[in-house]
Structures are given as C-alpha cells and as structure tokens.
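One structure is given here, and the rest of the page talks about it.
Order as written gives the chain letters A, B and C; numbering starts at 1 within each chain.
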Amino acid sequence: MTTSVSPYAFTAETFKRVQPEEYYRKILEQDVRPDGRAFDACRTTIVNAGCIGTAEGSAVVRIGDTTVVCGIKAEVAEPTLDQPQQGYFVPNVELGPLCSARFRPGPPGDLAQLVSERLRSLLYVGSSKVVVLEDLCIEPEQAVWVIYADLTCLNYDGNILDACVLALSAALKDTRIPRASLDVDEGIVRADEQATQPLTLRPFIFAATYGIYEGRLLLADPNASEEPLMASQVTVCLMEDGQLAALWKSGGGLCSMEQVQQCIAQARKRYTELASLVSSSSSN
Amino acid sequence: MDRRRVQGPETSVVPLPTQEALAKRAALPAPVQDGKRADGRGPEDIRPIFLRTGLISQASGSAYIELGQTKVACAVYGPRQLKKQQGFSEQGRLYCEFKFATFACKKRRHPIRDPQEKEFSQIIVQALAPSIRLDRLPKSVIDLYVTVIENDGTASCLAAAITAASVALADAGVEMLDLVAATSLGYVHQQLLVDCSAAEEAYQQHTDLILAYMPSLGQVTHLLHRGPVDWPPMAAVGGACCVHVYLLLMMHAQ
Amino acid sequence: MSLGLISVVERDFVERGVDLDLRTDGRGRNDYRLPRMEMNLVAQSDGSARCQLGGSTDVLVSIRCELGQPEPTTGDRGRLAVSVECAPSASQQLEGRGADELNTELAEALSRALTGPRSGLNLRQLCIVENMHCWILNIDAIVLDLGGNVLDALLYAARAALADTRVPGTQVQSLDEGVDFEVDDDINHAAWLEHASNVPLCVTAYKIGAGYVLDATLTEELCSSARLHVSVNPAGQVCAAQKNGYGSIEPSLLITMLQAAKEKAMYLLEVQEEQIQQHKRTLLEKQTRGESVKRPSIFM
C-alpha cells in the first residue's frame, strides 16, 4: 500500500460491495478465486449421517458454509389406483428465511421449487431412480409406505443443488423403516419398531455444478457471492458407471460443447470423492 | 392444494405399533429410580448444553444449541427498516418465526406453521423483548428465525430456543440489557424433573413450566405453566436452573 | 395484543393512580367488575354462555357436539377443539387479517386451560366406540366487544357453557361387519358433561408501573407492560399460568400477583357456581311446566 491513502480510495471490502464484478475479475486475473480456491477445486465437503433421532433417516451435509439437513419420515398411505404396488417418494426443499437474507418467510420460492422438482425428477422418474418404489409396498392396493424426504437449509452459501442431492443420498442410505404388515381384520397397518430394515436403493447419483465465467473460465462449486456473476451454470448428474443421469444448464450465457465435456470429466472425479464420503458417513 | 411443493398422497398416517410394543409401553417404569432418571441424571439436573455462535454465516448473528438430543438453530437478521405498510413505530420491533423442521418430532410436522408454532413465536418475542433496547431502534425491525432440528421434549425446545435466540441477538451486536436464560421443568408422578426429555413428557398427567429469567436484573421475562401443582417449590427450582444456564452462557462468552 | 394508542400524560395518570391504589373508575387494585352472565342463549348449540365485564367486554361461547374420530394415541377419549374469533365490531384494528394474531393467542390460551387432563373434564365420557368414533366438542368463542381483560371473560363464559352442555346419548350395536351406533334425539337422554365444575377460571393480573391491578380496563391494559394469566380450579390449584406482553416482572411482584389472582379466582368460582345453579333451577322449572326444551344440535 502507498503511504498516503487518498480519501477517495476504497478498502477491498468496499470495492467488493460497490463493484463486485470488477473486484472478482481483478482477483481471477491472478489465477485464484477470492476464497483462495483453484478454479477446479470444490469447497471442503462434510457428510454426517444418522444425527437426528426422530427421523427414520437423516444426514447433515456441509459444502463450505452451505449447510443442509435432510430428514426422512416414513408414513403409510393408500397407493394410487394406477400404481397399486408402488409407494410414494416425496422430496421437498425448504429454503427458509433462516438460512439467508435473500429468502422471505412464506411458501417456497422459485429456487426451492426448482431444487425440489429436480430432486424429484432425478431420484424418482425414469430409469435413473434411486428409490425402488415397488419395495415400499406393504399390501398391494391397500397400503404402501410414503417416504417424506424434507431438506432444510440452515446456511445458504451457494450450490444448494449439489448439497441437497448429497444430503438426500446420505439420508436415504441411513434410513431404516420398520417392518410393517396389514392387519386385515382391523384394516390398520401395524409396524414393529424393533425390527427395522434399510431401503432398497439403486446406486447413487451425485451432482456437480460448475459456473461458466464470461464464457471462458470453468469454476467448480460456485459459492453464494460467485453465483450471481456466472453467466451460466452447468450441473452434471452422474451415475455409478459414469453415465449421465441428468445435465442441466441454466443462465442465459453460452457454453461450448468442449466446456460441457470438461464439466463431465471433472464431475467423474467428484463422483468418486462424494461416493466415498457417503459410504463412510453412516453410523451403522 | 399447494402447487409449490412436491405432493404426496392426500392423507398418510403413522402406522400403529404392534400389540406387544403397546403392552410394553403401558408398563412404563417409574420416571425416577434410586434417585436417577432413565438417562442417569438426577431429578434437578439439566442435560449437557452445547452452544455455538456464528455458524450461520449469512446471518447478522446466529446460535446453535444442543440440549441432550434437542437441537435448535437461531438466526438474527437486521435491524432493518420497517416496511411502509407495517406502519410507524417509535420503538423497534422484534419479529420471530419459530418452526419445527418437518422431521423434528415423532410425528411428521406440516411444512406450514401450525397454531402451536405461531404461539411459540409470540412467546419468544415476549420473552426477549424486555432484554433488548428497542427504544434505541425506532422505525426498525429485528428478524429472528428459529428452526428446531430435533425435538427431545417440546418444553425443552422452547426453553432452548429462548436461550439460543438471546445469544444470537448478542452475537448480532444488538444492544441488550442482559442475556435471557430459559429453562423447562416438569412434574411427572408428583416428582419434579428439570429439563424433561420426550420420553419423560410422554407420561400422562404431565405438568410443565417454562421460565425465562434475566439473572443480573432479577427480572422474569416469561413464564408459561400448565397442570395443577403447588407453585413455590417449582418456581424456586426454575429460578435456580435459569441462573445455572446463565452462568454457562457467561462461561461460554469468555 | 395492545390495540390503540395512549398519551404519555394519560399513562402517567393511570400509573400514579395504581401507586395510590385508586383506579380511574374508583376501584382498588384487587377489585373485580362483577361478571354478568347469561346461559343457554344459542338455540343451535348444545351449550352456550355469554359473559360481560363492566358493560364493555362482551364474549359469547358456544359448544357443539360433533361426531368424529379420536386421536390414534388416545382412542378411548373424545376431543375438544377450541377457536376464538374477535369480531371486527370490537375494534377497528381487527378488520380483515388484523385479528389473526390475537385470535391465535386467545385460542391457545383458552385451549391450554381447557384441554388435556388438566381441565378436569372426563374426556372418556365423549368416547362412543373405542378407536373408531367419539364426540368432538367444538368450543367456539366470539369476542363481541373489547373492554379489557378478555381472556378472563372468555374462560368465565367457556366454563359456564361447559356446565350448560349436554352430550347426546348413543346406543351401540354390534353387527356382523363391526359396530354401529345410533344417536338418541331425546334431550332427556343426553348427559351433562361430567366434572364440568372442575374446570378452572382465569384471573389476569396486569403490571402497571411498579404495581399491579386485577381485571384491567382497556385504558389500563394499554398502560400495562406485562400481564400474568392465572388459571385456578375449585380445588385451589394453579392449573396454568402464563406471562404475556413485552415487559418483565420481578420475582417478588410475580408471586404477589399470582397470590392475588388466585384468591380472586376462588371468589369468582363461588360467584359463578351460584349463577350456574340458578340457571339450572330455571331450566328445571321450565321442564316441569312442559315448556319445549331444545334438541341436541346434531339433529338441527
């Protein structure tokens, strides 16, 4: 720093607030991100499963400061007429006013709805589904399990989708539902809480999100201050064998095919990391 | 129908326990045996407290508290300007939203706040308002959001929420007169128990008291009590426990 | 739940009055306005009562028995469902959604005093077929006018309405496919609610300045920084206590307020018991004269 600071000079903090884009560009020119990460580095990721006693399955995930809690509750309901042997899987994401000043009290906003819907389509629809719904049947046409997976964000610092997919996977793995049977005489379902069994799950899907900065730089795992500066974001969802389960590109900016290929290649590496985190997360 | 959430079936229920489990539940052991409770505590011991501030980096101030298995997160945003339609206020206002996470209780909660959660929100405001210099914050509002992640005793959740919210306000740098320490007590089978767990609350004829106290100023900021009981011993133990919690908070602050 | 504004001068006037134990309407701090009560007002309900305090606070409570299913955990018991609505006529600020917060607060407080094992009511009486059918007592209260001390009036009226409530008789039949039941439409077969006399009454003590008053008027409510609702049953036990408002109370004053409220509640319980007995005597007279007595509400 120069010895005589002009009264009009900004501190770094003021500069960041007034000119976020310029501030960011200046730092990226040094081949580093404001929080000190390399372009392809994700934030420290922690998975802790089985921490909530009142839920059938649970997990807390932290990616950097982003914190998501997933709790799974199982209840019993009548199946639908057209799928008499299938249970229900109901994932919902709650981005409440607790986790960031950008969310207001009230019903879920656009982002929460988007993430809920993506989770549902990712783990529920088509050949990629992780939860085997036929296995949730207690008595065909009479009673099936409903798996409510509720994800509550406790701290929003960007990349909520990756955190939610990870938390949901870890919580599903942790889930044990009681053995239940239909008492035909009484018409009610009784469950033995002593004899529990894990859910039947197909291999997991994990998501990795990349921000594309000014159409040229690929930044892994953008945080809350980086997200609004990205022209577009690419989320790659991979299955165990490296096949694509889903690929989403959001934002108005363009991105080239090479960049998408690059994202997929990086996501494959991230998959192994996340898979080992989840497999070592569980308490049981 | 709520189109903003992924919908499940119209109705779903918790399955009933098996007959054997019901029989076992009917024959509950006494809550205190040989002066010890099921988790090894004495009747007047609170559960160990874990408290951490600043975990919610996006908030102006935050606190996370664990009281045994009870887990509560609080975040404070503001003070910010009161919106036009909220009218003019010479004093600052405190707004609180208390929510049980859907998976926090034995039975799943609906994502929309129910009357009990709304009432708890009001109680938290009433318990904390006397401790804040709201007269220094005209035309502003402080937002306080509380989420219970796990409920191991509903009364203890409320007490933990009040304590944690007070700490979160301090963490946010809001001008305060004193910290508010809250505690919960219950009477089970004529036995006074401090800081009941969910299992102890399940006993019939449950009586409870939630007391919020500012020890340095010697002021009760909130009191919520139900169930027929003789008052003085309960109040005395409650006051002592609040002081105990307060001392723990002070130790934490240092 | 303060409605309206008050000037600094008027507040000072009221506070000094409380210090001197002389209130604006001439009462002392422990004096209670005598509740005026009428019972059996609403023809479509199974029990109702209206309570007026000092000619301004006015509440009406109506109770209807409705068929429903018991909670799975308490299959051998019926349920109570409490709702409170403040009519917009009571205050301009209660129009539209303005009353929501006040309604929740009053309903939760009322329900805390009435529901659960603390109320003294025998909820097993409301069970018809175990785990299948029970009576749900819908306790609906309307606040017609706010003149201070609403919760006391609400519980006063609710307690009387419960004493006025009769649960229709039922005959359970065992059939091949299970059990069925019929509801008896003769009011003479309907039973009074058991243990309705065990229900507590609430007395609120308002902290004003450094002292307190019982049964505050609207002006006094605006001056009070905190209030203490105390519910007491005829056995003299404190069934519920709740602090309310944005101020705090020092412990010694708290105990004094609690004690004063408790004594007043015991007195009010006696007053009300006399009013209820009077009402039941008139009802009996009517019946012996052969005047028409209403049918259970479920048949209307």
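Definition applied: a contact is a pair of C-beta atoms (placed from the backbone, for glycine too) under 8 Å apart; a residue touches a chain by one contact, two chains touch by 3 or more.
Listed by chain with UniProt protein names: A = Ribosomal RNA-processing protein 43; B = Ribosomal protein S5 domain 2-type protein; C = Ribosomal RNA-processing protein 42.
Just so you know, these numbers come straight off a predicted model, no measurement behind them.
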Target chain C, source chain A, minimum contact steps: 2
Far-end chain from chain C, centres as C-alpha averages: A
Central chain (distance from its CA mean to the mean of all protein CA atoms): B
Mean-CA-position distance for chain C and chain A (Å): 49
Centre-of-Cα separation between chain B and chain A, whole angstrom: 29
Residues within chain B bordering two or more other chains: 13-14, 16
Of all residues in chain C, the ones touching two or more other chains: none
Touching residues (chain side chain B, partner chain C) in the complex: 13-14, 16, 115-116, 118-119, 122, 125-126, 129-131, 204-205, 207, 214, 217-232, 235, 239
Touching residues (chain side chain C, partner chain B) in the complex: 72, 101, 104-105, 107-108, 112, 116-118, 226, 228, 233, 235, 237-251, 254-255, 258
Complex interface listing, chain A residues touching chain B: 52-55, 58, 65, 67, 69, 71-73, 75-78, 80, 88, 90-92, 94, 96-101, 105, 107-108, 112-113, 116-117, 120, 146, 148, 150, 152, 154-157, 178, 180, 188-194, 224
Contact set on chain B toward chain A in their complex: 2, 4-19, 21, 55-59, 69, 71, 73, 75, 77, 97, 99, 101-106, 108, 111, 143, 145-147, 149-152
